[in-house]
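Shared chain: subunit A. Partners: subunit B in the first complex, subunit C in the second.
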Partner chain A sequence: MKCTPLPLLLCAVFLLSGCGMNTKLDSLTMTLTLGLDVTDDGKLLMYSSSPVFNKDAKEHTEVIEVDASSLREGRYKVDLFASGRTVGGKIQNVVIGKKLVQQKELLSFLDVLYRDPKNSTTALLIIYDGPVKELIESKQKDKPRLAVAIKDLITTTALDKQTVKTNLLDFHRTLFEKGCMPFASEMAMKNGKMTVKGVALFNNKGKYVTSLSSKESAFLQLLRNEIKPAIPFTLRTSALTGNGKKENISVSLEHGKVRYQTRYRNDRFQFHIHIDAGTIITEEVVNVDMRKKQKQLEKMIAKEIENKTKALIKTFQKHEIDPIGFGLYARAYEYRKWKKVENDWGKAFAAADISVSAKVNIISYGVIN
Partner chain B sequence: MVTTRYQHNEITIFQYVFFIVGAQIGIGILSLPAEVAKGSGTDGWIAIIMGGMLSIIASVVIINIMEQHPEDTIFDLLPRYFGKWLGKLFSLAFSVYAALAATTVVFTAIHLVQVWILPQTSNYWIMILFMIPGFLAARNGVRILGRYAEIVFYMTLWMPILIALPTKDGHLLHLLPVIKEGWLPIIKTVKMTILSFLGFELAFVLYPFLKEKHLAKKGIIIANVISLSAFVFVTIVSFIFYSPDEITQYVWPTLSLLKTIEFPFMERFEIIFLAAYLFVLSTTGVPYIFTAAFGISHVLDQVDHVRVLVVGVGMYIVVAFLYNPSFSDLQTFSEWWGKTGTLVGYFFPIGLWLYMKIYQRLRGGKPL
Partner chain C sequence: MNKQTIPLRIPSSLADVEAVIQTTWGETPDLVVCRLQVKQMHKDVLLMYLDSLADKNSINNNVLQPLLFEKHHATNVEDIAILIGQKKYTKLWPDIETAIFQGESVLFIDGEQKALILDTQGWPQRAIAEPQVESSLKGAHQGFIETSGKNIALIRRYLPNRELKIKELTVGRRGKTKVAILYLEDVAHPEVLQELEDRIRNIDVDAVVNTGELMQLIEDNPFSPFPQFLLTERPDAAVSNLLQGRIAIIVDRSPSVMIAPMSFISFFQTVDDYSTRWMIATFLRLLRPLAFFIAIFLPSLYIAAISFHYELLPLNLILTVGESREQVPLPPILEAILMELAIEMLREAGLRLPAPIGQTVGIVGGVVIGQAAVQAGLVSNIMVVVVAITAIGSFIIPNPDMSESVRLIRFPMMIVSSLFGIVGMAIGLMILVVHLACLESLGTPFGSPFAPVRFRDWKDTVVRFPLWAMRNRPLSARPIQLKRQTKTRK
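== the complex of A and B ==
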């Protein structure tokens, strides 16, 4: 009994709804940048910036502002304004007003982005210092489309370690991890141009706590053992010339090892971080023969790294936040003690003894003497 | 009895191994990391290894049973030992179990397709599209299914490489300390892994078709080891990537893992992965559909299983028109499959083996 499946197949193909409900690109309102902010009287504002594919339109970006109680509700309201059907699958950036994260815990707002698999979770999460409207409606003539410009700005700045690159999924991961707290890049407007401001830090509930400058961001990433491709920083010192005038030396930390030791003594956690770094001198303003003073220079850079990282850790402890992820080490090596404090890790972290030691090895001085 | 009727449908040892691997790797692997993490945190992979050991033991018992009557499937063997009617009753129970497994796999596959890929397409169209190739494969019996399973296995070898990609953003530290809460939670978690390993019990049907019967035991152990390594691999990758506190937030951590993979020219890579994964799901669903049809046709004394298969496939399509199971329904299905699977895959072989030993002892040490 041979039965050909052809008629059956043909029926299926003709009746499938896929071809009937096709979607044309220019009839879609693809939100590329999603903005969230709060008004002074506590109302949630949602912004959607989407490209317009129509040669008659004067602006090639459509910005829609609605007030909403949640993102999903906001999306339906955006639909009222948008000429096309709104879709969220192509979101590149989620920009969130600093005021909002200072007042409210972030996760409940973002839930729909995680729950609906049609949404992209690789969108960048950015905290904006100021009203989000300002950024999302800004027209930067010398830049590509806003969504692309923001993404490029963050991505390239993060390569230089001046900020971090956190996407929605990273945020979710660190938020639910009890031993590590979330962080995201922070932007601001300066003289009408958007700039990267540094790193915004959150507590375990997803509430904004404090910010780091772009210089501190480099050391945060050093502590997190995220050295690649390189961590650049500049130190000012008068120790080399000896004439009391401070001079700049720029250093690029090319590779290195960060080792963490974890112990539990005297009712508190003890962490020791040892940084073993290989550096390149990229700029020396001071005019001395550095080769002769290599040992001294290496020590100086090591001292600088120690000081900067210790100061950073002090800040974290003061605010009871742990973006470095010491909790992971506490869990891995002192599980029983960790289990007792895991739901209040911020406090336990603030009480911990943390010491840093650094060893620097200069690989090269560049191609000129 | 018709003793040589399976010879025209013989399968090689490779087809036999991949048939079983295909039946084992299916829907379980998508949610397994989250499930074992709920039970015993990041020690879940130890539970999976223990579950694998159990399934190897059960598989070897099954082969031991089948070796005594190398020309029989379970549906020929049961009437031999229990008489016509009781044997038929047991055969029917086995077929119903296979049908339950097939139903679970098929409806879960449809649900996955609807959630992740085709939210606007009605479930009955997806069902029809699944059932046409499924019917064509199952109608020709074990050899075609074996060949299909083998080619699907080779076709999907790229998947583990892709799944391993996200580990570069993970922390090995998540796996430490090993055995954090002692052995008890791990042992309790073993039962959650049982569902994933089910599939080896199809050896009850497969054995008489195997050409190289002396390799049957080795083959089924290799099949179990392949599945075991796949499960442990996916679980460890998920544990490295997700933090132990976060992983339980996901229903299908394996798929969410793939969502992070992004190329400059393509986003949402999991859609492509899932579309390819449908082949893997089909090597779970179709053998079970075949087994159910094959068993019922034996119970009804039909020579050919195609008629039963037509009715079965028709029923699936009709049911899909009337009923679209919700996610919680599917979980109930899975639970039931897990429960009956424990019975059919683990307790039944051991019981049968003991029964046969006693039966043979009573008849003076001679097999039937």
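== the complex of A and C ==
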């Protein structure tokens, strides 16, 4: 080859165009946590929390509050305050005030986050029970930067199934999927500290309906067949000691199978859920030899699972929401019947007969006798 | 031609010879010319040699002693007893000149039209020592030296084989450097050999001082940043290349031996690869291309990431980078160029300075670059880490020529990435790959076995198969005898 690489390289480089938009890290106001809330008189508030990289700045987090009619408009207003260019490529958390989602359908507010590809769609969606300002301006001395702290809190709590981890894409998908409905994690402030409250549930319009506690969250995920790595729960019972005093037994559901049977009978859908679970006893406050009562214990745990899940499903049916995704099974097994009700699945789901049966197998009692 | 007219032929009378010597060899104080009478023939002779290049012991014991004291009677010139095996006769002055300058001594005999050239070479040379640049853990500890004869001997020790042929050429009008071409006749491709020979014969320069100069004179693409021939100072490396069907070029007075033709991937292989176990060798070989890419692209990736694609970095890394850049006043490209230039200067300084002062450079540089620059707020901690990893990456590349090319390419890549981010880097990478695929070494593809693709040769590239599995020589040097071993293991 008789061509030299350097001129060729330069020619090719200078022919390029359009990438001149420099986004220098130092001159960015990177929104890491985006807050959305509504005032009592219906005005939309937008919060942006971004890190400050400057040795002269006393605070290393900058919080900007603006009132806006939409997110994009709000960002322009944020730009008026921010010292750098406001960008949303690294948004970690989108915190929505509970009041807002109770009043309005969420999707239209989030539109810019999905439409503009420069925005991150893997940000966690979090519903905040209380004024968002309280969370976003909170300074927690024993925590890292707010965005990291919130994200870590949700991620690790979701690992022990006390809440769910829903990012913007998950929300979008479950919202547009006719056979299931969206849910997101819910936070609150308790004694000046932020805490995970449980799960917020939405209907298929993206409007908040109801919440689950962190304990119920575990069973929601069991029903969704999201067992890995384990689902821990504690039950109180007096059945083992027989002296009427209730004692704690903690169980960790390590592996299991959740099977759904779908039928259409008597003008309604019928679902049967069979849960086959392998569990480990992780804590037992009462001192009895459980090995002798293994069968009894297994039945008891199975009963507990059945009760909790049935109660959960009842709640869902009452509110006509389907975060588990029964609609997907209905579509797969009874397509014609599903087709008739797909646009009003909530109602059809509420009318469905749902039964749960569980079988528990204790794998281990732990490493002590 | 010289001002004095030199006769082409040697005159028969010694007086005429002396006259010629006096006119042509003025101002050569180390030229010794002595007239003496040979006892064997009772004839006058003239012995001439260069004091500085000839071995005086050999002249005294093997030449002068028999000439002066041997009583045996010789009837003609051929019978004169001299204790030197390698002697030849010549009738021409140019031959005499060449011989004298190579340390041989010349004996003119009165009344004869021919002179006797005696091999009494003995110029200053150093002992064979451990290779300085390419050290190895398991390879031989003998390196090439500045005498081509010794270097050929080092290679012959590995290949006691008649097929090892040596062609000797002379390069340079004044320098008259002896260039020896070594090859295995039944393995090396004759066309490649012919091409090499033609290129060397076409050189018309004053002198070739070093192998590196010869390499540049016969390269395929002089505008490429990459070396197209290998320079090695290890006999075992040269031999293993000879066995692959390549050709070794030994330049007299230079301690490095050139290997041609080469492929790109061979620059990332060492002799040790073959003497360590194949899994370890494979791991090390995977490490080297990785280091190649790190050494070229890491600073540009850093620049691209923090001036264009902040989304690329995970959140915690962004925070760390942002915090470490808090007090840096320079844009990333200047920061990177400053540091890269500093480390290049440091490296060059350490290379040229004598060892005792070299240490000082290391300390000063280490403190300045590692600590003071960061504390003064000129550069960020992350940049120091990037520069350090880049430098280590370029050190891992076993061949110094290739390592230097990599260091050079890094700079245009940094500029491109500061202008266009990852897009620029991608274009840079494409140009690099295309260029490597287009390069040739002595007319054979430089990119082999990747471009053109020769799957069978991949056994000995970024991985190294067990030795018993590599039954064929690589195709890149176009060997005429492909098979090198039979199946020794099932």
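As a convention for this text, the second predicted complex is superposed on the first by the 350 of 369 C-alpha atoms of A that agree within 3 Å, B and C clash if a C-alpha of one lies under 4 Å from a C-alpha of the other, contacts with A are read in each partner's own complex, and residues count from 1 in each chain.
The working rule: contacts are C-beta pairs under 8 Å (C-beta built on N, C-alpha and C of every residue); 3 or more make two chains touch, one makes a residue touch a chain.
Predicted model only: the values in this text are computed from it and were never measured.
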Touched partner set for A:204, first subunit B, second subunit C, both or neither: neither
Touching partner for A:145 - first (subunit B), second (subunit C), both, neither: second
Partner chain in contact with A:25 - subunit B first, subunit C second, else both or neither: second
Which of subunit B and subunit C A:176 touches, first, second, both or neither: first
Contacts of A:328 with subunit B and subunit C, given as first, second, both or neither: first
Partner chain in contact with A:121 - subunit B first, subunit C second, else both or neither: first
Partner chain(s) touched by A:157 [first = subunit B, second = subunit C, both, neither]: neither
Subunit B versus subunit C as contact partner of A:55, first or second or both or neither: second
Common interface residues of subunit A - those touching subunit B in one complex and subunit C in the other: 1, 5, 8-9, 12, 16, 89-90, 120
Subunit C to subunit A touching residues, read off their complex: 221, 223-225, 306-311, 315-316, 318-319, 321-323, 325-328, 331-332, 412, 416, 419-421, 423-424, 427-428, 431-432, 435, 438-440
Residues of subunit A that touch subunit C when the two form their complex: 1-6, 8-9, 12-13, 16, 19-20, 22-26, 28, 30, 32, 51, 53-55, 87, 89-90, 92, 120, 145, 147-148, 151
Residue numbers on subunit B that touch subunit A, as the complex places them: 115-116, 118-122, 125, 128-129, 132, 136, 169, 171, 173-174, 176-177, 180, 242-246, 249, 255, 259-260, 262, 267-268, 270, 306
Of subunit A, residues touching subunit B in the complex: 1, 5, 8-9, 12, 15-18, 21, 89-90, 117-118, 120-122, 169-170, 172-174, 176-180, 325, 328-329, 331-333, 335
